[in-house]
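The structures come next, written out as structure tokens.
Paired with chain B in one complex and with chain C in the other, chain A is shared by the two complexes that follow.
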Partner chain A sequence: MSNNTVKTDTTASGIGPVEEAGASPYSADNPAPVIEPPRKRTKKTGRATRGNFELYAWLFMRLSGVVLVVLVIGHLLVQLVLDGGVQKVGFAFVAGRWASPFWQVWDLLMLWLAMLHGTIGLRTIINDYAERANTRVWLKGLLYTATVFTILLGTLVIFTFDPNIR
Partner chain B sequence: MATPTLEKTDGGAEPGFADSPYITVTFRVRRFNPEVSAEAEWQDFTFEMDPKERVLDGLHKIKWELDGTLTFRRSCAHGICGSDAMRINGKNRLACKTLIKDISPEKPITIEAIKGLTVLKDLVVDMEPFFQAYRDVMPFLITKDTNEPTRERLQSAEDRERFDDTTKCILCAACTSSCPVFWNDGQYFGPAAIVNAHRFIFDSRDEAGEQRLEILNDRDGVWRCRTTFNCTDACPRGIEITKAIQEVKRALITRRI
Partner chain C sequence: MWSWVAHRVTGVLIFFFLFVHVLDTSLVRVSPEAYDEVVATYKTPLVALLEYGLVAAILFHALNGLRVIAVDFWSKGTRYQKQMLWAVVGVWVVLMIGALYPVLGHAARELFGS
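What follows is the complex of A and B.
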């Protein structure tokens, strides 16, 4: 270092050094607790190998996403834009559409793919952001329950829909 | 010189600048000393230095001339050993490869420990979880042939080229500690471990690629990568880390599907 023009100016900053913290309860023999990061990797971190589940989940997100783009945009066009727009949607319209197996399959596919896509996505978010193991278990339990319920109910309605109901 | 001037001064037209290249810089360092306080706090150091010097030179100046209690790691000081990765102005960099003039020295330069690892003191973190992940991918040559080789294991230039990028890793942890998935879940292997697994998975001489792929197929393996490219941005060696992770993903998929 060839520079001799050192200026010490720690007081002017308004931020005092750590040492000026006053009467501290901590000392070399009694150090403050350090802040551990969430879920640290240790030697014992389990090799919780669950086969290829994560691989399939990852692939499913990509593939279902591509298919959903087609399905959802088609769905929105039919429902909201083509043939009179949103005004036409009513019981009769839905009944007429579900008379055709093509739309039944379309809606079924959309239901399953969208629900599973959303569930896997939310599962990822829960895994990323829920720190405590318990929170994870509960959030994911809630998520899976809601998913199973919605998928089963939707499937049931598509297949057992009776246009002559009332 | 209070004015931080980065530009060249037109062939010394201004005599004041020609004599002294020094500018006044402020280092705002995140200090933590568990023997004094449980709280980390910012401390400013203002001094003069040549903008062509590095952040590490500034830290040396602080430690040697202003405040000897400042604690940080550095070994080779030339970007090879990978011990002085830190968060400079919010980005993970090596202090020994970052020039003052490149990080807008007219404003205070913030310096913190890398994130996602336990801070032990000032800029020193506990690297153990990071190295545990590294060990877990078995970063060494494994061959099925148990006999001691009688000659070198030769390899074609193309085979060597396949994993050339990932051999550059210096294990500084700049990538892993810039990864948002790692911040939230330290059990994720992290970019550095995957890079070092990649280095052996795609090495034609190695025969345990399958095993390493299996390890990275785990819940905390490559599938947790969110492709945010933070690691690629942070890498002081310019390794295309996200690409390497994608290559491991592709290897996993094409092997089985």
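What follows is the complex of A and C.
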């Protein structure tokens, strides 16, 4: 049925003859080679995106920012302005405030939001200025270590505070 | 442009302060004396001045942050971004004047007598 001889055009047009219908050199037993589309994503290419991480980070910066305005300005008022400013602050003052779950939750929320907000902010800055991939990895490693340490330490202090430590 | 630089610089500054601030507050788990001793240094004129600077950084970052959010989410935000920057500066100046006495009053009394 198929003959594999290549016909050459006798004219000088440079365009080969179109295959006649049914004269294909390929069949079910002898399929044509598959040409993969360029840039096709295969198992080896890895994921195309990191999901929506950057979008959520952007959104988190703004949502946490709005909440932080209330928490941080309130914190400054209580610690530095009202009732004698910073002069009144001491162990007794801390004990008085953390006796109330309201201020415990306030400080806990402020700690977590400010640390995460600051960490994502610094991550952006590292990505902007640290040009070598190696430098970026190390700086971010240091940053995330400091973040986890600070959040854990602060949380522990708020939850385990003991007014009768002595 | 410059508001962006200032936002970035104040953001980094606040972050480093927060790190130290969590450490010093953790002293309440060591002993009342250790905590009170460190906080005593915060009541000196020099640290009061640093505190005033910190308040300046936080207030600018907070106000300008709200402006950034307004530019991003308010449909007319981009059109009024310049006016909003002046509003930020204006409110910041008023708040800084307001913070003058509460934050620096004690230091002034200590330095120049009451």
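Everything that follows uses one rule, which is that the second predicted complex is superposed on the first by the 118 of 166 C-alpha atoms of A that agree within 3 Å, B and C clash if a C-alpha of one lies under 4 Å from a C-alpha of the other, contacts with A are read in each partner's own complex, and residues count from 1 in each chain.
Quick note on the criterion: a contact is a pair of C-beta atoms (placed from the backbone, for glycine too) under 8 Å apart; a residue touches a chain by one contact, two chains touch by 3 or more.
Note that the structure is a prediction, hence the values are computed from the model and not measured.
When the shared chain is aligned, chain B comes close enough to touch A:Pro38, but chain C does not. In the overlay built on the shared chain, the residue A:Leu68 is in contact with chain C alone; chain B does not reach it. Put chain B and chain C next to each other and count what each touches on chain A; the higher total goes to B.
When both complexes are overlaid on chain A, the residue A:Glu54 reaches chain B alone and has no touch with chain C. Once the two complexes are overlaid on the shared chain, A:Asn134 sits clear of chain B and of chain C alike.
In the superposed model, A:Ser27 lies in contact with chain B only, and not with chain C. With both structures placed on the common chain, the touch criterion links A:Val157 to chain C but leaves chain B unconnected.
Once chain A of one complex is fitted onto chain A of the other, the partner contacts of A:Leu76 are limited to chain C, with no touch recorded for chain B. Across the superposed pair, chain B and chain C touch chain A at no common residue. Contact residues on chain C toward chain A in their complex (touch as defined above): 8, 11-12, 14-15, 18-19, 22-23, 25-26, 28-29, 31-32, 35-36, 39, 42-43, 48, 51, 55, 58, 62, 65-66, 68-69, 72-73, 99, 102-103, 105-106. Across the complex, chain C is touched by residues 62, 65-66, 68-69, 72-73, 76, 80-81, 85-87, 89-92, 94, 111, 114-115, 118-119, 121-122, 125, 146, 150, 153-154, 156-157, 160-162, 165-166 of chain A. Taken together, the chain B residues at the contact with chain A in this complex read 22, 24, 26, 28, 31-39, 41-50, 57, 60-61, 64-67, 69, 116-120, 126, 129, 132-133, 136, 180-181, 183-187, 214-215, 217-221, 223-224, 226, 249, 252-253, 256-257. Residues 1, 3, 5-10, 12-19, 21, 24, 26-28, 31-43, 45, 47-50, 52, 54-55, 57-59, 127-129, 131 of chain A touch chain B in their complex.
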